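Working notes, structure below.
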Amino acid sequence: MTSLVAAIVNGLLLGMIYAAISAGLSLTLGVMGLINVAHSAIAMFGAYLAWSAMHAWGIDPVLALALITIGFFFVGMAVERLLVRRVYDEPPEASLLSLFGLMIVLESILVLVFTTTERALPVQYTSAIQIGFVRVGVARLVGGAAALVAILVAHGFLRRSRLGRGIRAMASNRDAARILGVDTERLSMLLFGIGTALAGTGGVAMAMIFPFTPGDHLNWLTLAILVVIIGGLGGLPRTILAALSIGLVESLAGAYLPFQYVSIVLYALLIVTLWIRREGLAGEAVRTL
Amino acid sequence: MTATHLRMLGAVAGYTPTIPVLQGIDLEVSPERCTVVLGPNGSGKSTILRVLYGLLDLQEGEIRLGDRRIDGTPTHRLLEMGVAFLPQGRSVFPQLTVDENLRVGGWIFGRDVHRLEEALDRVYAQYPLLANMSQAPAGSLSGGQQRMLEIARMVLTDPQVLLIDEPSAGLAPNLVDEVYVEIERLKADGKTVLLVDQNVEAAIGLADHVYIVEYGKVKAEGQVDDFAGDVAGIVREWLRV
Amino acid sequence: MRRKTRPLVAFGVGVLLVGALVVAGLQIESLAILNILTTALVAVVLTQAWNVLGGYGGYLNLGTAAFYGIGAYTVSILDYNLGWSPFFTAVLGGLAAVVVAAIIGIPSLRIRGVYFAILTLILTFLVQRLAFSIPITRGALGIFLTPLDLDPRALEQLFFFIFLGLAVLVTVVVRLIQHSRFGSALVAIREDEDAAAILGVRTTRTKMYAFAVGAFFMGLAGALVAQRVTFIDPDAAFSMTNTVNPVIMAMYGGAGTWQGPLIGAPLVVLLGEVLRVTFGGIGLFGPTVPAEVSRLLFGAILIGVALYARRGIMGLIRPRKGTRRRI
């Protein structure tokens, strides 16, 4: 009973971290109709930045997470400006291709600089704490909490602010928004910045709980796509819900399956979901936020 | 805002460089009048509006608002100059509430909340129906209500020149009249209207000046007052290809 | 007059080119040069295979590495467990790729947009993960194939001629496709899928066939390369390079033409060699250049192609289809 509750709690925290890594992907897809295949490579870059910060300057991973999230916001705006905007009016494959190129470049840089040796980003403090009768991994708790904060900030911005309203209008009907004078280019840049910031949060949070090599980001990407497809493009709350359920499934399945099979289960789940929910990525689906 | 002429001079434009849709159009929209552009499908009517509103670049020619050249002006600048556009078909943001839709309509006010609230009050007073539904998602409104929301959203910034593209397209027949009554009211308020339409009867009813466009050229034009008697009949004569 | 002579000229040039390559294969002493030529021929095969759907049909296939790896693993498993030579089972490798292509393509090619590209990309991750995990592929240990009992030069020559033959075969197939109803249907899909469907093109079926033809040759190439290198592991067999290179090579040479891969593939291989020699000479990354350097460069080139070779991309990608509506 206790172990079941622990698995559920840990699964939910894991799901929160998955939500962080998926939220950015969901936003760029939902608003811009863009599948950012470089998303997970950017997240992995964040993970290695946090790792370096810890080893070089002894910066606490939690502080690194905050700094990387903020820094990546600007990085994301630059990426949008340089790689996405100029091909935005081209067929979607053009931006897909340039982001695919970015993914390869980022991964290659990580391999060259950090090699393929597995790294870990230990959260200092203690390894686990007792909450009531449940033992919870501190890394999961910290990562999950950070993820929750980042997503709530993004969600609040989209729901409450003027620019957020503009972004939602753009997601709902881009042409109508342009007709009303909404600067869709600037808002796209802003949104891509938010997505990238969330990638940074998610990447560092993932690194807190899983050891990582540069190539692992492909698993993260698959995971994020899975979350987005299961959750649909109906906005961040649905993304969080989907991520939480996947975290839960994985946490419960992880108790019975060897680790490497868990990711295969996820891939298989993804292909099956794509089969069933084709409109999930078709681009013709109604985009909402 | 002083009333000014909107002019299109020798406009050539299209979607491919080789085959322009507009092949040298001259058009003048007089202030506080309703100018109507009629023509068969594919004649380039809607393209005229898109070019005027800067959604499609001119290949040749120019567009003037008063003495100012406005071709190539970004959308938000056009709105600040008092030119607004109502596109054909549905253009509400279905997932946003009515209130949010209107607020996006006041996008050019920027962070000036005061101006936005003032404008909202004015529009809600004008369209009480929308005030009652302000928190409902726009997608839950009926077709006619959505059209009213689109019109209200267009006039939120109190523009002087309204570019309207087939306002009754896709509406149930019993709602069509309402839309033209609303346009009539805007005209009575002193707005300058350029209306592109297929609905000859209704459009002529509003028109002060009529242009007939065919194959990207102005085939005929004239003041409605100059025609004795059956204007619609004469226009039909023109339209008969 | 011109129209009549052009195919003849092309045929003549082709015969001369193949003849020159045959002579080169017999005469060249340097195994290193022969090796590079063979690499270029493999690249031609993969690029031509990608070209059928990607170039003519305008559907971005990011699963080349998956089909190549599936072919390689099919023959390697058969060789390792049953002792069947890849020379006899290579066709099975191609067919295995076709089966997987059908599983992926039937649901995803029915609809449009980037969905297909993403699904093929994820397929690659999945099969690589599987190869790492399931017992029959021996995971990261990889599989050693039975080496051929030949001296090094004869070996190089053998594979040079095998891939020369395959490159000629696939090029002829692509050229036949280009001038067939099937090819016209693919181009119609690329240019305007709605119009193509209205004109009676069975779009889903046409795309599926194109995808399958490409997958077959990708699997076949992977199978024969496995015998050439006599060892495969999940990293090498499903290397993303095999997905990226055909796209770049086709775009360089001109996607959607049968000549494009013939120009683009050797050009990119040559470029890679020049870079390798240059960077090796500078010693920037030590005496041996890590594979990631070339991956990095190819990633950068991909970005450049996507951003600047727009007309090239427009040649590849159908205009206005599955795109955002503009007002």
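Letters A, B and C mark the chains as written, and numbering starts fresh at 1 in each.
In the analysis below, a residue touches a chain if its C-beta (ideal position, glycine included) is under 8 Å from a C-beta of that chain, and two chains touch if they have at least 3 such contacts.
Quantities reported herein were computed from a predicted structural model and do not represent experimental measurements.
Remark: among chain pairs A-B and A-C, A-C carries the greater number of C-beta contacts. Farthest chain from chain A (centres taken as the mean of C-alpha atoms): B. Centre-to-centre spacing of chain B and chain C amounts to 53 Å, using the average Cα coordinate of each chain. Computed centre separation for the pair chain A/chain B is 43 angstrom, with centres defined by C-alpha atoms. If each chain is reduced to the centroid of its CA atoms, chain A and chain C end up 32 Å from each other. Chain contacts: chain C has residues 326-327 touching two or more partner chains.
In chain B, the residues touching two or more other chains are 55, 87. Touching of two or more other chains is recorded for residues 175, 178-179 of chain A. Across the complex, chain B meets chain A through its residues 53, 55, 75-76, 78-79, 85, 87, 91-96, 100-101, 103-105, 107-108, 111, 153.
Contact residues of chain C toward chain A in the complex are 60, 62, 104, 107-108, 110-115, 117-119, 121-123, 125-126, 129-130, 132-133, 240, 244, 247, 285, 290, 292-293, 295-296, 298-307, 310, 313-314, 316-327.
The touching residues of chain A, counted against chain B in their complex, run 162, 165-166, 168-169, 171-173, 175-183, 288-289. Looking at the complex, you find that chain A touches chain C at residues 33, 35, 37, 83, 86-98, 100-105, 107-109, 111-112, 174-175, 178-179, 218-219, 221-222, 225, 260-261, 263-264, 267-268, 270-271, 274-275, 278-279, 281-284.
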